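Two complexes are shown next, each including chain A; its partner changes from chain B in the first to chain C in the second.
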Partner chain A sequence: MVRAEYRPYFLLSPALISLALLLLAPVLFIFVYSFWLRAANGQDIPAFQFGNWITVGGDPFYWLALRETFKISAITTVICMLVGYPTAYFLARCRFNNKALLLFLLFLPFWISYIIRTFAWINVLGKSGFVNSVLLGIGIIDKPLSLLYNDFSVIMGLVYFQLPYMIINVYVSLDGIDRNLESAARTLGCTAWQTFREVTLPLSLPGLGAGSLLCFVLAAGSFVTPRLLGGTDTLFFSQLIYEAIISQLDWPTGSVLSLMLLLSLGIIVAVYNRFMSLSDIYRSFAK
Partner chain B sequence: MSADRPDLGWNGLQLLTLCVYIFMFAPIIVVVLLAFNSARTGSFPMEGFSFVWFGKLFENASIMDAFQTSLVLAVTSSFLATAIGVMAAIALIRYSFKGKAVINNLLSLPLLMPEVVLGVALLMFLKFLEQPRSYMLLLLGHTILSLPYVVLVVQARLVGMRQHYEEAAMSLGANRLQTFFAVTLPLMAPAVLGGFLFAATLSFDNITATLFWKKPGIETVPTKIFAMLRTSISPEINALGAVMIVITVALPLVGGFVVRRFAKGK
Partner chain C sequence: MNAVELHRITRRFSSAVVAVDNIDLTVPAGAFVTLLGPSGCGKTTTLRMIAGLETPDEGDVMIKGNRMNEVPIHRRNLGMVFQNYALFPHKTIYDNVAFGLKYRNVGKDEIRRRVKQALDIVRLPGVEERFPAQLSGGQQQRIALARALVIEPDVLLLDEPLSALDANLREEMRVELKNIQRRIGVATVFVTHDQGEALAMSDLVVVMNKGHIEQMGAPTEVYEQPRSEFVASFLGNANFLPATVRQVASDGISVDLGAAGALLVSDAARPVSPGEAVKVVVRAEKIDIAPPGNGGLSATVADVDYLGSMARYQMELPGGHRLLSLVSLKDRALELGQSVSLQINPRHCRIL
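Let's turn to the complex of A and B:
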């Protein structure tokens, strides 16, 4: 029998060992690999040199791709905030008897395969898709609109994927607000709008922050959505990583690119963690 | 409308929420609708109602293979993730020990890590160990991907569980192991089942990391769809999508029902 004080560590050991072997060691290994030398014959030779970093860092193309990725992710996040906050507010404050059902419905698409939810947008936005068919049918347009395979459709797909995350985060934090505070503000003479601005909004900021960080990080790391819904000129960083590793088998470059994405997102998460707590994010996953 | 509700145009909010729900469901409905379209193009206009694409689906051996691979992978990886995750969740909820906060954060780490990076990392590490891409890589990869979710979901369910029953069993003479199997495990069953279903869904859904890890020639359902989409949207994809939608929506519904029945039986 395991002694009582070691018991938690005993119970945790399978989880920690798999985490160390399957996550921490591999990520450290990318770091090591990024210094290796790529020989002319395609062999990778163990070395310690900064050639890969200098090549990638000196190429404005990669920085452009990183900027584009972050731009699209930021637009997605802002749309999710603007649409998600009012929706969460409505869900938190409405008086439906079956609020659980409303929340359940919101998360139903969540269970449906990511790739199906993504390609569904091809059916909706394509040349002979739903939107164009309807608009052509009622005669508003006489030529199909180009809604697909551009930044617009990528943002649509990302918003579609991230919006429930945003809504649930804001909902949890709105739901936790003591309603007496709002009543007190009203009694003390605040208008409804002032009450919202001075009491409700500040108290729900942790939820909004958690939802936004989650939206941004998940969007910036996404691969399938830009790949399926993006056009030829859509630049998404994870696509470059896939190209380098799977298509070109250029592993040293691939590792530098992976680390670039990981580090830049890590900085964003760290800055966020400096001001807000990450535990808010994890909590929403358990809902 | 009551006075304690800020008057921000409640009707506007209601309308927006309705639009969000339409936005969430419209694409799914479109896929299911098109699955029954008899036209050969897999897009609008609807020409007629037909089951023909579902029949084609079941005749397509490569899709059936992918289905089998996905299913086996989902069951095995979520079995592993649940076993490991439940142990960790018990430790985190039931004990206080040194380094708990750090371990908690560590276990949640994969949640915020871009899947592409995780995919690259594990693939490179295996190459370094001179292991070929294999089913094992997919199994271990999917396990580590769903582990943090299992830990969180099971933890959330365990928080509410009191220890009285276990203490009673122990004081009546059951040893620790007997107590665990006769009392703790049955009480935890809904939490364990919940974690398992969550992990299975995640594994069945996973595409990004799977694209890095799979051996050429082996396809799971999502990667198969991904490969099929390269050419064009065939009506078969819509039919496959419709089948998957029914399965993935039915699974949590049945799971939720079972869990509720469990809870009522107590």
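Let's turn to the complex of A and C:
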């Protein structure tokens, strides 16, 4: 018999073991690799030295790429917030009596391969794509806009991919708000808008916060979207890692880059948690 | 001037669901009016229409003599307490209570003074800095009341405010709520499906059923002079005896109970004439039990429920009809199969 205080760990063990094998172990390998030496002939030699770290850390190009990556991720996150919140609000508040269907529709695109869905954007935004054909057709422009292979198309693709995650997070927290709280605010003298500001928005912040964090992290770590929709000048960090490891077979540098992304995301998440004091918000719901 | 008047109010949620059906209701200034009825009879919907949270499909809502139909909720100056308290979980108790004052442009110092006063009234001083989750259910209920009272509302609307509390606390809060209401003198509409609460607290009880009003009156009136079988059965324990009117005289109406004998009834909900088939209501606690052969209706004890201070008997009359009888026990309980004589004062019987 498992003792009571160990029982949670016992029940968690399948999850813990798979996490350890699938996540912790590879990260450990990467960590070890980041100290290896790369010989002139391209061979990786086991070693313990900080050369790779110093080279990468001292190269402003990588920092620029990191900043660009975070900038684009932040922009997509903000767009997701602005587009996702009203959508989630509508989903949570509409009188439609088959909400399960609406939520199902929200996740329907996930049934199609992410890569195919991303390729679809090429048909939408390309020189002879949907948007340009329509604009040309009604005569607003007289030569096709270049909408593809730049930051714009990357942001478009990322927003498209992340939006359902934002919506579902906000939806869950909006749906959990007791409608009587809003009624109470109204009877106490709030207009509909003031009620939203005083009650609905603050109480949905945990969902908005969680959704934003998820969007940001998903964006910063994304590879397919910037690869397929980005231009030659798109500096996405995952691209650099790919270049280093797959194209140049430079595992030590690739490892350092991976850890650099991991650590900076970790720091951002920690600061964000602190700043948004999510745990405080959650605590006020503890009943 | 009446605090609230509802004129022929109707609310339909769909053609099949008529939650409130053509209701007329008057709440006099300072009165405590209870809406009583089974689940789904439209109590909450009626209350929400007074508050403006629900719009009537037909009819007028008047508050202090002004038609309110088009006045938005936030300009109605009503205090509402919800069944689940509905305190803002992200705000302190102080901010919860001060909330309504903030939106009435009351000055900071005045707000502080009135919040303190409101917390004193509900006997919870010193909890200003806490969050709702840090208070017990009864305390949260008091805060909800304080939040509704602090704005000095024209009408206080209470939707089953006691139903989430356990029995003892409920009793205590009931007394306290009534005291506060009496002291402040605010007209109150109280929703409940608990007849005990309704009878104990109200100036006026409004018995509702399926969206309409069955009967409206003082607690003693609805209890002792029920106008319908529904009202009689919803309040207290009532027996319904099928009978035929034999004779209508000045000292009462005598009715024929078939094999069980005859009964004299002094009260009727409507005029009746001899030969008419009627129902006679007899309250379970108004039946006196005597040894057999003392007149009245003879019966045998068919079932005994011993409740400690009380006993609940099923008395079988000749002909098989059973009467429920509630007796407070000073002596030993009767035994099964015992023959008794049931004496029913004509004043305690009523023809429906």
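Rule of thumb we're sticking to: the second predicted complex is superposed on the first by the 249 of 287 C-alpha atoms of A that agree within 3 Å, B and C clash if a C-alpha of one lies under 4 Å from a C-alpha of the other, contacts with A are read in each partner's own complex, and residues count from 1 in each chain.
Throughout what follows, a contact is a pair of C-beta atoms (placed from the backbone, for glycine too) under 8 Å apart; a residue touches a chain by one contact, two chains touch by 3 or more.
Quick caveat, the model's predicted, so the values are computed rather than measured.
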Exercise. Once the shared chain is lined up, is A:271 touching chain B (first), chain C (second), both, or neither of them?
Worked result: neither
For this session: Look at A:122 in the shared chain and tell me whether it touches chain B only, chain C only, both, or neither; answer first, second, both or neither.
Result: first
For this session: Going by the touch definition up top, name the partner, chain B or chain C, that contacts more of chain A.
Result: B
Exercise. Between chain B (first) and chain C (second), which, if any, makes contact with A:160: first, second, both or neither?
Worked result: first
Exercise. Now for A:202: first (chain B), second (chain C), both, or neither, which partner does it touch?
Worked result: second
For this session: For A:39, decide between first (touching chain B), second (touching chain C), both and neither.
Result: neither
For this session: Considering only touches as defined above, state whether A:183 meets chain B (first), chain C (second), both or neither.
Result: both
Problem set entry | First (chain B), second (chain C), both or neither touched by A:47 | neither
Problem set entry | Contacts on chain A seen with chain B and repeated with chain C across the two complexes | 183, 186, 281, 285-287
For this session: Note which residues of chain A are touching chain B in the complex, please.
Result: 1, 5, 7-9, 11-12, 14-16, 18-19, 22-23, 25-27, 29-30, 33, 83, 86-87, 89-91, 93-94, 105-106, 108-109, 111-117, 119-124, 126, 128-130, 132-133, 160, 163-164, 167, 179, 182-183, 186, 192-193, 195-196, 200, 217, 220-224, 228, 238, 241-242, 245-246, 251, 254-255, 258, 261-262, 265, 269, 278, 281-282, 285-287
Seminar exercise, completed: In the complex, chain C touches chain A at residues 48, 51-53, 72-76, 78-80, 82-84, 86, 88-90, 99-100, 103-104, 131, 133, 147-148, 151, 157
Problem set entry | Residues on chain B engaged by chain A in the complex (per definition of touch) | 3-8, 13-14, 16-17, 20-21, 23-28, 30-31, 34, 41, 43-45, 83-85, 87-88, 90-92, 94-95, 97, 100, 103, 105-118, 120-125, 127-128, 140-141, 143-144, 147, 149, 151-153, 155-156, 176, 201, 204-205, 207-208, 211-212, 221-222, 225-226, 229, 233, 237-238, 241, 244-245, 248-249, 251-252
Seminar exercise, completed: Within the complex, chain C is touched by chain A residues 178, 180-181, 183-191, 194, 198-199, 202-203, 281, 284-287
